[in-house]
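I'd like to ask you about the structure that follows.
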Amino acid sequence: MPAAGALPANIHCAHDYEDLARQALEPAVFAHLAGGAGRDVAVRNNRAAFEALKITPRVLRDLKAGSTRLSLGGEARPHPIWLGPVAFQALFHAGAEVETARAAAAVGAGLVASTLSSVTLEEIAAAAGPDRWFQLYVQPAREATLDLVRRAEAAGYRALVVTVDAPVHAPGLTSLRAGFRGGQASANLAGWTAPEAAPAPGESRVFQGLMPAAPTWADIDWLRAQTALPLWLKGVMHPDDARAALAAGVDGLVVSNHGGRELDSAPSSLSALPPVRAAVGESFPLLFDGGIRCGEDVFKAIALGADGVMLGRLQAWALAAAGALGVGHMIKLLREELEVCMALAGCVDLADIRRAEVRAETWAGKEGPC
Amino acid sequence: MPAAGALPANIHCAHDYEDLARQALEPAVFAHLAGGAGRDVAVRNNRAAFEALKITPRVLRDLKAGSTRLSLGGEARPHPIWLGPVAFQALFHAGAEVETARAAAAVGAGLVASTLSSVTLEEIAAAAGPDRWFQLYVQPAREATLDLVRRAEAAGYRALVVTVDAPVHAPGLTSLRAGFRGGQASANLAGWTAPEAAPAPGESRVFQGLMPAAPTWADIDWLRAQTALPLWLKGVMHPDDARAALAAGVDGLVVSNHGGRELDSAPSSLSALPPVRAAVGESFPLLFDGGIRCGEDVFKAIALGADGVMLGRLQAWALAAAGALGVGHMIKLLREELEVCMALAGCVDLADIRRAEVRAETWAGKEGPC
Amino acid sequence: MPAAGALPANIHCAHDYEDLARQALEPAVFAHLAGGAGRDVAVRNNRAAFEALKITPRVLRDLKAGSTRLSLGGEARPHPIWLGPVAFQALFHAGAEVETARAAAAVGAGLVASTLSSVTLEEIAAAAGPDRWFQLYVQPAREATLDLVRRAEAAGYRALVVTVDAPVHAPGLTSLRAGFRGGQASANLAGWTAPEAAPAPGESRVFQGLMPAAPTWADIDWLRAQTALPLWLKGVMHPDDARAALAAGVDGLVVSNHGGRELDSAPSSLSALPPVRAAVGESFPLLFDGGIRCGEDVFKAIALGADGVMLGRLQAWALAAAGALGVGHMIKLLREELEVCMALAGCVDLADIRRAEVRAETWAGKEGPC
Amino acid sequence: MPAAGALPANIHCAHDYEDLARQALEPAVFAHLAGGAGRDVAVRNNRAAFEALKITPRVLRDLKAGSTRLSLGGEARPHPIWLGPVAFQALFHAGAEVETARAAAAVGAGLVASTLSSVTLEEIAAAAGPDRWFQLYVQPAREATLDLVRRAEAAGYRALVVTVDAPVHAPGLTSLRAGFRGGQASANLAGWTAPEAAPAPGESRVFQGLMPAAPTWADIDWLRAQTALPLWLKGVMHPDDARAALAAGVDGLVVSNHGGRELDSAPSSLSALPPVRAAVGESFPLLFDGGIRCGEDVFKAIALGADGVMLGRLQAWALAAAGALGVGHMIKLLREELEVCMALAGCVDLADIRRAEVRAETWAGKEGPC
């Protein structure tokens, strides 16, 4: 474990860190983290999709050689759990992203550092293990975007993950009502300022004010030409967009509805996995983000087409409760929950999970003449 | 903005005006507005239909030229939001319909003035912009109906909207139990009285007492012949009635279950949109009314076939909370919520919304041999 | 109105009598009436079926000649509402079945007097109008059954309604837990006692103890031969049983799950209507019992195949609250609620209701390329 | 009845013993018994499956010869109720499994003694009737397993029931949070200790630590060759596993998700019955376990393919409340509840139940032109 200190008591599973975080955080920060877009319908719906799906147990298989290992994009990994990009982690712990990076290295989890981090990407890299990716928000000015790319390359990040599902940030009512104050500054963007375009009279603040700064497929084409790093898109939910991404030469996709934080009427992330997997083919690298709380959830996401999963809120809760020690512990718990689920479902490896029976329980019943 | 005064604090979205209205109104009036027919099943069901539908996000489209503009019946409009007919607005604000009319003009919303208004249609017209329609309740005496039509023509109303779904007014239990006292008088109908027909012994108060005064298709034919104004019917839910309206030479339809205030077992207004749109064809003018609370709702109604939406309770809540200023503010918020939703769903205009993927999330799951 | 006294205040609809009855009755009696078999699942399910169904409004039809009249088995009736057999009405009002009978006569409702009545069938007949039927529980001894039949014939009852769904009375937990004390004696059966058969060791109290006294198809054949009165069966839920009843020469059926008081896992009464109607053909006399609370419910039952409906709990609540006056008032309210619903659904008569669109609202949504 | 003492008052049905047990047990023990794996989703889902299914009543059949008798594997039984294996019954009553065994003998219920019992299998056998089976947990060492088999044979157990669904015991949060302390020792395994294998660095505690001790199909083949006793597998949920069991020469199967105590996302036990029955054919011995609370539940399980049912929590609740007397009384109540349900559904025997109409209520409704 990378950090001094003791593990919290009474943690029986990875999700138990939520309760500790509730105690550790200011209510406004906890509410901001918990809430999503609008009235949190998408947040709840992400969970409902997991709860609706059942895993059929299988028995008496020989699982002595079982493992959660995977190989993705040519790199071997001990388990399919990533720490997804979570913005401004100083909100949750004084050590911010440095703590998270140390935990990721300690437990073999992939780290995805956010553009919107409380410390610089170089500081994160210094604390992280070699398995680190950089999440990129395309900036209004291409030179700003390119600066981030070059710095990420220089700091040894192994892939770029472009978030494409947040052209505008819709305010979440839970966060607003709790009095959360935004305005956190990204350490990576110090020196770059991009004032919102001023729409002319009769123009729209959204379309003519904000959309000129939002990334388009043309930006992806441009970015593809700027770097040799593997390029991922995060936030794809529709199979047609997945196909377009493949055509654009992207190396991997993250199916995500941004944790329910963008479009309150969005379908669950989980429901988008099967059609996106079908669109990209069986072997294309595909990660999942949105609603993971326990090992059975990881199992379900993999069964429905993901190669691995990213954690958002789970990560922030553990960070808030116990820093690097908490994040590392949470991942170990989650991985073991996944292993137990695999054992009960008779799956010796992740490929077995992909073939497992995972579906909603439906009852049509039977008729008969009695 | 047309009115002096300050905007209320803590309004984060259009729907937030409901809470302010609850504080501003007498409980009996608030309950009367909130309630519907019977036990409010239809009111709740109108909302459930919206909540069941999901909008699939789309990414990386170029939306710089985005707009909510539309053209309907040959008239260009900046956005698809109408202020629907709401009766007796003096219940909600001392300025009554005059406030509403000024707000509509200020924010480019279509105004539909009710026959049952607290001030006369001429007073409303004086405060309104040019985009004003008149909602017509067919009166028991044809001369009374014709008088309303001629006055509306003279006052510059550009269309007649005949409400056809309220041949009887079924009492709502929420309103009755809250002690709401009806009996408000229409300023437009001063001088006209139409006592209920007295059914003979063995006859029905409903069928022989009230139905002789209720409009029929013959009244629509008669009305069509009396005026050159565009003629709309409001309250159509069945595709066969929509086809009959087309055959009768009607210029537009409003799909509506009267905000759940007539038949407590009515299907949701939203569920009636696709079959009615299919019945009338892609280009026939079709508006929607019933349950709109936020911009994502407007998006869904348009996706399912509406050209635009009418607001009822949202309008009354904003009026109660802050008069013309509130109504105008509410519409600006709602329009921007629609624009954000369009940006997240990758829709550059309303025609794009019509093609968007909007459907209930269903989980059949997958099976496999594992 | 047949009784002195004033109508209760604050009754806005037929179902409002439930609240008054709660105040008027001992809690144990109210609970006994409210509860069903087992854990009241069937009671709630009877209601859920009504709530799931929606009625599509229709507009602009000419309904001046509207009416709730029907003709059933050759007899004309003003409306399709019956007072079903409710046992031991002295539990609810000192006047017992005499009050109910007077109300039925006053408002033109069909009366079905129970074998298990607090006063004799002759006393009921003396208070009732000519439209009276007798509900028959087949007795262990055929001479007892025949005695009831002959007395019913002599007292001018016009039909026999044999209850066939209660071969055993399963105790309801709601009633038992509320401390309801059974053991009420039927005024009609004074002098007849039928001790339960004593099962031999190893035999079953249910099968060998009670079933020898339960009616079978052979008893129906026997009964058919004993009387010229129209013979109805009450409690048929399966289409095969409906067909068997037709083959046995029965004159009418009541689809019913005994108000949810027999089998807690029974399907809703309403769900059984369409298959039973399909089995017996369009013109066979078919009544419905189970969960009616308002006029829209009556509409739904008729739309799904019933010729009319029987009231159980509504009847007892009104009786408890206000005797004959309450029962009559409740029926008048219910009938007018039905008429309003017909007006809003564009139905001029009961045959129109049978053709109306009544179905659960389902949302499959739409897909599109946007 | 085998035990002194009085029956508890206020027991109206078998399930009422739960409330008495809540009073009788330490909260931590009650919570441990009530809870399942993870967050008790599977426990609740087992119940939801029963509640979703409806039984169509049938009428007027001759049931005087009715009976709950069955013949299974060549042995005649008075009713289809088994006392399933429940571990460490000293937690619930000082008399532990001896009380349960006496009750089983008194009321003709099949007894399945657990490997994990508080008293030895020989002590249980001494108290039990001849209808006793032994539940076998395959031990890490084959000599330990064989020792259990030989002792069970010597003690007159008539079948072995190998539990195959618990290769690891996932901790249930309800139990953990209530502070339940595990570590109860099996009286049968005194002298045998099997320390968990120590996984090497980089290995998994689950796969390399626990799975080497978990049974596989090879163990079933070995076991089949060691004993002439009928061999059952308990915990089969997938039809492919059922087919594999048949191929391995197994004599019977118990469809079970271990009362929801293993995989929190498991489908309900009930939902697995139809596919497993279809896989093994109509006459193969098949029992059911998971969620039985009342006689209608027993009926449903048999209708969906079971030959009989095992009780877990019901057994422990009755034991906790009133020892052998309680367990015997509970079974008598449950059997009579089954008989009443059979009478109301018109079923004269268990074969009739298999043909009964049992299905979820669904409402598609009807459409019409009105």
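Some notes on this structure:
We call the chains A, B, C and D, going by the order they appear; numbering starts again at 1 in every chain.
Everything below uses one rule, namely that a residue touches a chain if its C-beta (ideal position, glycine included) is under 8 Å from a C-beta of that chain, and two chains touch if they have at least 3 such contacts.
These numbers were taken from a predicted model, which means no experiment stands behind them.
Chains compared, chain A against chain B: the Cα-based superposition rotates one onto the other by 90 degrees, nearest 5. For the self-contact between chain C and chain D, the two sides draw on mostly distinct residue numbers; the shared fraction is below half. Here the CA centre of chain A is 41 Å from the CA centre of chain D.
Residue positions of chain A with contacts to 2 or more other chains are 53-54, 58, 240, 345, 357, 369. Per the touch definition, chain B reaches chain C in the complex via residues 38, 41, 45, 49, 52-54, 56, 58, 164-165, 167-168, 170-171, 173, 176-177, 202, 204-208, 210-212, 214-220, 233, 235-238, 240-241, 244, 257, 262-268, 271-272, 274, 303-304, 345-347, 352-360, 362. Partner chain B is touched in their complex by these residues of chain C: 12-13, 51, 53-68, 78, 294, 296, 299-300, 336, 339-345, 357, 361, 363-370.
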